[in-house]
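Data block below; observations after.
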């Protein structure tokens, strides 16, 4: 079979739940996460364009929508595992890429193989689009953690997730990062001001770290 | 508040379940559906390009990713309701557009309002991109119905959904529709050949209707 | 087929979730809501009787148990949509009634059609029974909103729901409304006194609005 | 606290799932079951009235809507347990009644205690209303079992449930039972004719047992 | 059929949810509870051994892993029911034992019947192993209640569950109980110190009761 | 904190779902799986003992109950990933062991560290107990796959899972394996004889492979 196999496989990502094992009031599938990343990235790219930056929309489309497709093969491996050692991380990425490559060889008709190889590559490179993807991906971690903490979830991992995502974002050079830090983040902190967690403190610590 | 309100609202679409009321073995959120439409559309556009058609990727990105955002305001209204009368359908679309417009006026900063108005407009126009969106949206109905029927779900509405989506697709003039009918649909029928439903018959009836 | 179709269709209302899209700690189906309305209405009618009011129990039975049956056809359309304009609201009600009428014509044997038409009519008229139904329906909104807010759900829509339902109830002339305001509502406020939400304030504002 | 405690407790029955332990494709709460029993009973009583039988609608309302309220205190005890011995069954019923009585004494204001005692009594007596309740309660077992079996659930307990409920119903002297056997049951068998289970055979065996 | 019937039946305990009817943020199946009891008991027995107590590991293995198997037949009957009267409690235990005995007679090959009778007996006797099982079983009630209360669940039943389990544990003569009270319980209280519930007060009250 | 951290962490395994991504009619948590493995192993060890083999029950208790505890740290990594290369598999096992060791160092009091290191080691060694654990673990894969396939789940991965587990079991030298193949497996095949899948054929192919 051909592209049908790829299309039908997309369903599986609705059944891979992010952050497995942790208690969550709101569960998120990899599909739903992927869609939100696509949406954030669109607005982030609009902000870049408003500052005169040229955005390759085809590339941005490809890398944001497919950035977690490989999880169909390896699942949502826990972050601490991925970061256990550079060696393991490299090997896991190699496995994921190997399985994606094997899937393309086996199921995608020859005339589309080059396209699929490009689309399903790791997208987080140093280009504008790659950096936008990185920001959008981390923004969703901020929103996922924020929603849990604001509702009274006491899992400390969500504070770590919020903080680490923020630290990662602030280190990326993009106009949209400036906009996020100046216009969006303050609204997040403000919305969380009545919750059990002191978002203002956590946020300031992360920003000044 | 500003764009934060928009970003945080995306979460709500993970909680709107498509095809409410019907028994389903696999439930799909509007978010997950939206992501699959984005994915299908990408490959459909690749097929168009391979036939020399020019695709406006920025437009395609905008209209596919946002095509059901308005359901945040009105929910997943049942298809028979939407098609009850042209008058009602027009009015519901007007309400949805009114609520989207109101949301933009209230929450989106002035410098982005024009962008959001363009992105959250009804995307299914006569352009190549609008037609690709229509095909991708209907393809997901085919896949949703196919998965249920193949697993033994006896709800007749899924046969209707499969058939109507197929009839709609075959009437759209695109190279990718030809590809779908010649290369993807036969694989679907083949995969369903051991299931309780006679996909070959239903498919042929729809194609010759 | 005949009445079997009607009986079997009742199942579908267990799969229509009220207040779609919003984050809820406790989800409620239309079936469960309908049952609670039946239960509240019974006690409300008992209170009316204890004040010498005559209650038509058959009518009360019919209108409370069936008051949301029409949602099988149109789903749980979001309240803001229903209230968008008087014109739209009238049209949606007309669609729902049209679909109910069509269902009766198609499935209910002729000798029962008159009965079903009476039972599945809109029950919230000016009669004692119609007003009791209105109170019972709004009381369930109060209880649904109360449960969420008390558990720390931060969705502001539940404050709006609580307030609007209370304002609606207090405007209805019934002995049971007096009883509710004097004997039941204070217990609700008391039970919520340790929760993050200031029920006393919200309640007093609604009562004096 | 008073009637508020009773009203708020109704929520708990949405969380008691019928037939615990068995694999089910469709789960049913006691609330949803109770509502369906109310609905069936209404139509069954209409059928009795059409044959000139007088129905006490207030009594029917009370006993159908409250018939499983006692499960709040004892849960959905498995049928084989209830039927283990007449002695145990009597004792369990006594416990349930004791706990209901204790709840009324503690929470219901004195002026309503007599009403609540009447409403929350065991309703399945020999009156027309009591027999209608028995039929409606068993009809829901038929529908619950039918839905599972038709969808391919292989749990044999659902065949037993279907059969036993049918045997119970056919032994009750009511016009609506005749109607059910002649007009509704054949439609059930017909709807199940394409499923893996031979409903015609099971039904005929139960009817001739 | 033989032991297959027993092995396949284990699945059913994944579908019996503990504490039915109550609102819970985290639901626990009887299977998951049973596994946690096995785990707690292992460490409790290690503590006994470290004080020179001899532990019969085979017996401990048998009684901890199987201690709730009988719920397959009678479900998770609510605690208040079980404690309603000594007479009822004895009768329910007799029913459960009768059903287990009947299951063994019917399904277990003769050469294993004695083993199964021993394993599926009530294990909470006065032996070291029986007392460890009692402590481990109550410890899981403490952890289940603690998790709910710490997350803001306002059901008072969880305070009662926490308190009663603690009172039961402190009355059992075991080295591991001393360890629990001195080294584990303080950590629980400490972890709950930022939650809406005053664990220190509840704990001290229970310990001094 | 000390052993409390370990006890409380057990909860997390109720939220790690086995076989992530695949459509399942019955989901199984790692906790529930672990409990079933404990139960199977008990009976398998009884069979060994009945053939005069000496079983170290303490060791069997330790290794069966804890055999998947490490998944708290790395999640349920998909089988194809684990088997991608011997090198990756060794590295993943090393990571899991490293994280378990780190957890013990950080949270378990010194006097218990040796015990925990022994209990949380990889248990599938060549001893009788290690081989029983391997059989029990694979038996649960057989039961999980069997339940899905019998209910009409069309995921081919469950046929692979059933076959591979059977091939693995038949290669292990134990009296209980003989018993399983002669007395339990035929009952499984028999129970599945009316299902859409040809268990007899799949089973025979696996046994003769």
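Every chain is named by a letter (A, B, C, D, E and F) in the order it is written, and numbering of its residues begins at 1.
The rule we apply is simple: contacts are C-beta pairs under 8 Å (C-beta built on N, C-alpha and C of every residue); 3 or more make two chains touch, one makes a residue touch a chain.
Just so we're on the same page, UniProt names per chain: A, B, C, D, E, F = HD domain-containing protein.
Quick caveat, the model's predicted, so the values are computed rather than measured.
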If I superpose subunit B (HD domain-containing protein) onto subunit D (HD domain-containing protein) using their CA atoms, what angle of rotation comes out, to the nearest 5 degrees? 120
Where the centres are mean C-alpha positions, what is the separation of subunit D (HD domain-containing protein) from subunit E (HD domain-containing protein), in Å? 33
Centroid from C-alpha atoms only, then distance subunit E (HD domain-containing protein) to subunit F (HD domain-containing protein), rounded to Å. What do you get? 23
Subunit B (HD domain-containing protein) and subunit F (HD domain-containing protein) have mean C-alpha positions lying a whole-number Å distance apart equal to 42
Return the residues of subunit D (HD domain-containing protein) touching two or more other chains; collapse runs of consecutive numbers into ranges. 11, 13, 23, 25-26, 147, 152
Make each chain a node and each touching pair an edge, then name the shape: line, ring, star, complete, other. other
Residues of subunit B (HD domain-containing protein) that touch subunit C (HD domain-containing protein) when the two form their complex: 11-13, 15-17, 20-23, 71-78, 80-81, 84-85, 87-88, 91-92, 95, 98-99
Subunit C (HD domain-containing protein) contacts subunit D (HD domain-containing protein) in the complex at 1-8, 10-11, 13-14, 26, 28-29, 31-32, 34-36, 38-40, 42-43, 46, 50, 55, 57-58, 60-62, 65-66, 109, 111-112, 115, 119, 139, 143, 147, 183-184, 187-188, 190-191
Name, in rising order, each residue of subunit A (HD domain-containing protein) that touches subunit C (HD domain-containing protein) in their complex. 25-26, 147, 150-152, 194-195
Show which residues of subunit B (HD domain-containing protein) lie in contact with subunit D (HD domain-containing protein) when the two form their complex. 23, 25, 152-154, 196
